[in-house]
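Next come two complexes built around subunit A: one with subunit B, the other with subunit C.
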Partner chain A sequence: MNILVCMKQIIDPEVPVRDFRIDPVKRQAERGSANLVPNIFCENALETALKLRDLIGSSKITVLSYGAATAEESLRKALAMKADAAALVVNDGNPNPDPLTVARVLAAAAQKLGGFDLILLGREAGDWGSGQTGGLLAEELGLPCIAFADNVAAVDGKLRVRRQTEWGWELSEAVPPIVITITNCEANVPRLPKVRDVMMSYRQPLTKWTVDDLGIDAAAARAGDAYYEVTELSIPQKESVCDFVTGETLDEQVEMLARRLTAITGAL
Partner chain B sequence: MKDIVLCLFATAGFDKAAQGLTGVAQRLAAESGGQVYAILLGSGAQAIAAEIAPFVQTVLLGDQAELAEYQPELCLDLLVQICAKLQPRAILLSSDTYSQELAPRLAHRLAGSAVGDGIALTVNDGALRITRQVYGGKAQAVIELKRTPAVAWLRGNSFAPATAAAVSGEIKPIAETPKADLRSRIVERKREDTGELRLEDARVIVAGGRGVGGPDPFKTELRPLADLLGAQLAATRAACDAGWVSANWQVGQTGKHVAPDLYLAVGLSGASQHLAGISEAKNVAAINTDPEANIFKHCQFGIVGDFRKVVPLLRQKLEALSK
Partner chain C sequence: METSVQVVEAPVLTALRSRVRELCAKYPDEYWRKIDSQKGYPVDFVNALTESGYLAAMIPEKYDGAGLGLLESSIILEEINRSGGNATAAHAQMYTMGTLLRHGSEEQKMRFLPRIASGELRLQAFGVTEPDCGSDTTKLKTKAVRKGDKYVINGQKVFISRVQHSDWMILLARTTPIDQVKKRSEGLSVFMVDLHHAIANGLTVRPIPTMMNHETNELFLQDVEVPVENLIGEEGKGFKYILDGMIAERTMVAGEAIGDGYWFVNRAVKYANERVVFDRPIGKNQGIAFPIAQAYAHVRAADLMRFDAAQKFDAGIPAGTEANLAKHLAAEASWEAADVAMQTLGGYGVAEEYDVERKFRETRLFRIAPLSTNLILSYIAEHVLGLPRSY
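And then the complex of A and B:
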């Protein structure tokens, strides 16, 4: 099976709130001293591909990013996790392109890389979190799409895909090719690459393109705002001051806690 | 192109979120001088039709046999057919699984633009601007949709409900026939929340995080505590990914968005992605060993302490107070 995993590199979303800064003019977060990391849902997607390959064998996993040159590091990590091939379309335009732009670039790159039976993406990115790239990519490629999957298995050439809903799960049967977006679960926590494999990954080939290589409207791709535009970015001031319970002993403190809780629940 | 379409999947009922969504549709239609069409899909759509009719001009009912249960490719094709005919200015949906799955694809097929998880909506020179949380709940962005129709899925709880019109809307069956797509079909469904209230509707929630340490304290400490408070149990992503509790319990940016009167956070640090799921909570309280934990910057009251000592004592006190 030919599997494509689209991955995004983002500023570490685990940066503590007190260290988080934005540039309201550029309308994006400031990196500061934070690391750039692969988006966790994209790594869940890669782990899903790796587990599927472990299950069915004879599969090739390609990872693809549309991003800044730094995204190469995240792709090397994916190779170290034993993806077979990697490609980067270097973004030298709008650093925050709208999801349709991203989908068009990924679709063109996917077609240039060859036919895929399965295309996996994370359900959304931890920075802008539009949650649209997978669905729009499916439309660009004319493929069906299943979102929020947490398990992908192959049986008799068909895919059995389980996805989460608010109240449980749904199981689909799908005929490849298809686009699937992945959500987190216990079974797709990404494996840790060995340090040695990360070093070795830099010896592997990595295809690099720009939007000029893809046969699409490069100017529109660089502008990246024909679908939607960010007109404002701000940090809402919404912090409260916690009224800690008082008391000399734990017993007194918990008594106060109990009263404050029942003052609310008793009124319902 | 003045009309507004709102689309609801019957599984959620005409809940508070759906009512807020209807309010937005009504106000948007008034602004453009158009009508509101409500498309209701799924078995159970009939019951919602009666509840929503007083607030819209037309209800299009899709509860025929082949639409009784959601199928993504089928429902998408149907919505595209209906909207291609109606040519609405905007299409509004809720923030449930099905809406999130279909909205971007619906926008693409209609050559429009979509954006999701909206908590506020304005019109600027004819274009829709939607406010949404970004960067894992640490920031807020305003997004302007550039193409028509504007497709938006919204957190309905953030919006005021509609007001009843003088004349109730007409209820009609959907005339279009969806095209079946055999490439992908849902073949099995499993509910894992039998007997429990939806977290989205719960008025009191006790949530556990990484600090709870394992699956057992959820059962032995937090469950009895929740029972005493009349609460539902929830958890952070860390607790779910560790396999301690069911994935359905996850509250947060990509989990459930809840709006309880009281949210008691136990052994959870308050990462922004988690807080993004409780922005509508009226009161937040926390039990945590770390006085610097981020959760304490987002709660009204709390206690610095080990839940293993606090919760058993708290249960005793609550039992005593209930007598």
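And then the complex of A and C:
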């Protein structure tokens, strides 16, 4: 099976709150001293692919990213986790392109790489969290899409996909090729690469393109605003108010507390 | 000509740091605090390091290791300590095998190294120091006498670490009496000792409680038999064999101290930014900020010396001076940073839940072991600066 896993590099979501800043003019987060890391849901997708390969054997896993030159680090990590090949489309335009732009670039790169049976993405990215790239990529490629899956198995030439829903799991069977977005579960916690593979990953070839190499509207891709535009960005301000509940007896205090809570929740 | 220090870290080293950090993140402060309070051994953490191959970093790929250099290895240890952990529990698994690797026969290497790389065999005890000769190694009294196809060993060792968590130990013993050799550094030999067999046949292990969670022991050897095939290299040349392993050991320990130093600085900075007294963070006071900045400067300087030592060692350039300087500077810098962190946190510094007191106890060891500050200064004075020998 030929598997493609799309990966996004993001600012580490674990950065301390006090260190998190945004640039209101550029309408984007400032990196500051934060690390750049692979989006965790993309790593869940890669782990899903690796486990599938462990089960069925004779599969090739390619990882693909559209991002800054630094995204190479995330792809090298994927190679250390034992992906077979990696390709990076270097984004030298809008550093935060909208999901439709990303989907178009990924679709063109996937077609250039060629012949995938299964395309996996994270359910959303830990920075913007829009959760749209997977569906839009399927649309661009003319493929079906299953979202929020946490398990993919190969059964009789088909893929059996388990999808998380609000009321439980849905089991689907699909004939490849297909796009699946992956959410996290206990079974797809990313594996820790072995130190030898970490070092080897920097000796492996890594394909690099720009949007000029993909036969798409490069100017539109660099503009990155085909779909939506961020008009304002701010950090929510939290306000804490201390409100003492009074009463002569415990019963009175409880009653006052209940009234106060009713008033607050009613206002919400 | 001096080899320049690589100031900008290669991307692969940065990636290596990130991968070690990810592993260490699974073992947070609470894990180490609990292990410390129980005086336990970090079994899960050491197993995770083993599975990911970090403890086999310096074993060549030919013997199923990662084939990395001293620089990468010291960075691995730095990151463990920088995360709040304590690499001392397992660091010797990385470098004790160096004596075997450099001086053992091919048969011995094939016999031991792949199993050390997989973690099946733990070789992290190094039996050198004795009650009557700490750093004056050539005066050690433990004797190994050849009888047929065996050596029979009698004597006593002290401060031998990780014996209870090792399967094998490398042991230095005198095979030719000191009055029968031209130089007192001659006549010492190195042996691979099967600890399980030895403990059942004449080796007594007496644990020494210490102020930090570090397993170290007194050993009593009474007619412990070691097969001749477990002699490493040539009989009588053991002292030379262990000396060249000390360069690696010191540089790796420097990495750990540097990791501690960064940890203390980070904790001090965090607290100084968050702790508000008299309506402002205490870090606004230069009395708080300057000592932290000074400690950071010293950790960074030690870090550069560590790079210098490791890169020279990896390039095959003599690095004894640099390894000693790196270990000395790193131990002093981490101790300074520890004291600064303790002072910055005030009362919370001694509270166990803030972890500074634990790391404070741990990092103090680096000024004593594996070599005391005084002996390093003696080495620098005599061998680097040409001053008269002081002992």
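Following the convention adopted for this analysis, the second predicted complex is superposed on the first by the 239 of 268 C-alpha atoms of A that agree within 3 Å, B and C clash if a C-alpha of one lies under 4 Å from a C-alpha of the other, contacts with A are read in each partner's own complex, and residues count from 1 in each chain.
Simple rule for what comes next: contacts are C-beta pairs under 8 Å (C-beta built on N, C-alpha and C of every residue); 3 or more make two chains touch, one makes a residue touch a chain.
Bear in mind the structure is a predicted one, so any value in this text is a computation, not a measurement.
After overlaying the two complexes on the shared chain, residue contacts for A:250 are found with subunit B alone; subunit C is out of touch. The partner of subunit A that touches more of its residues, comparing subunit B with subunit C, is B. By the touch criterion stated above, A:261 is placed in contact with subunit B alone, subunit C being left untouched. Shared-chain residue A:167: touches subunit B; no touch with subunit C.
By the touch criterion defined above, A:20 reaches subunit B but does not reach subunit C.
When the shared chain is aligned, subunit C comes close enough to touch A:73, but subunit B does not. Of the two partner chains, subunit C is the only one touched by A:202; subunit B is not.
On subunit A, the patch touched by subunit B and the patch touched by subunit C do not overlap at any residue. Interface residues of subunit B, counted against subunit A in their complex, comprise 11, 72-73, 96-97, 100-105, 108-109, 113-117, 124, 129, 134-136, 138-147, 181-193, 198, 200, 203-204, 229-231, 237, 240-243, 247-248, 253-254, 256, 261-262, 264, 271-273, 283, 285-287, 291, 294, 296-305, 309-310, 313-314, 317-318, 321.
Interface residues of subunit A, counted against subunit C in their complex, comprise 18, 35, 37, 73, 76-77, 80, 192-196, 198-199, 201-202.
On the subunit C side of its complex with subunit A, the touching residues are 11-12, 14-16, 18-19, 22-23, 48, 51-54, 56-57, 61, 65-68, 72, 76, 273-274.
For subunit A in complex with subunit B, the residues that touch the partner chain are 13-14, 16-17, 20, 22, 27, 29, 41, 99-100, 123-124, 126-132, 135-136, 138-140, 143-148, 150, 164-175, 178, 183-186, 189, 225-236, 238-240, 242-245, 250-251, 253-255, 257-262, 264-265, 268.
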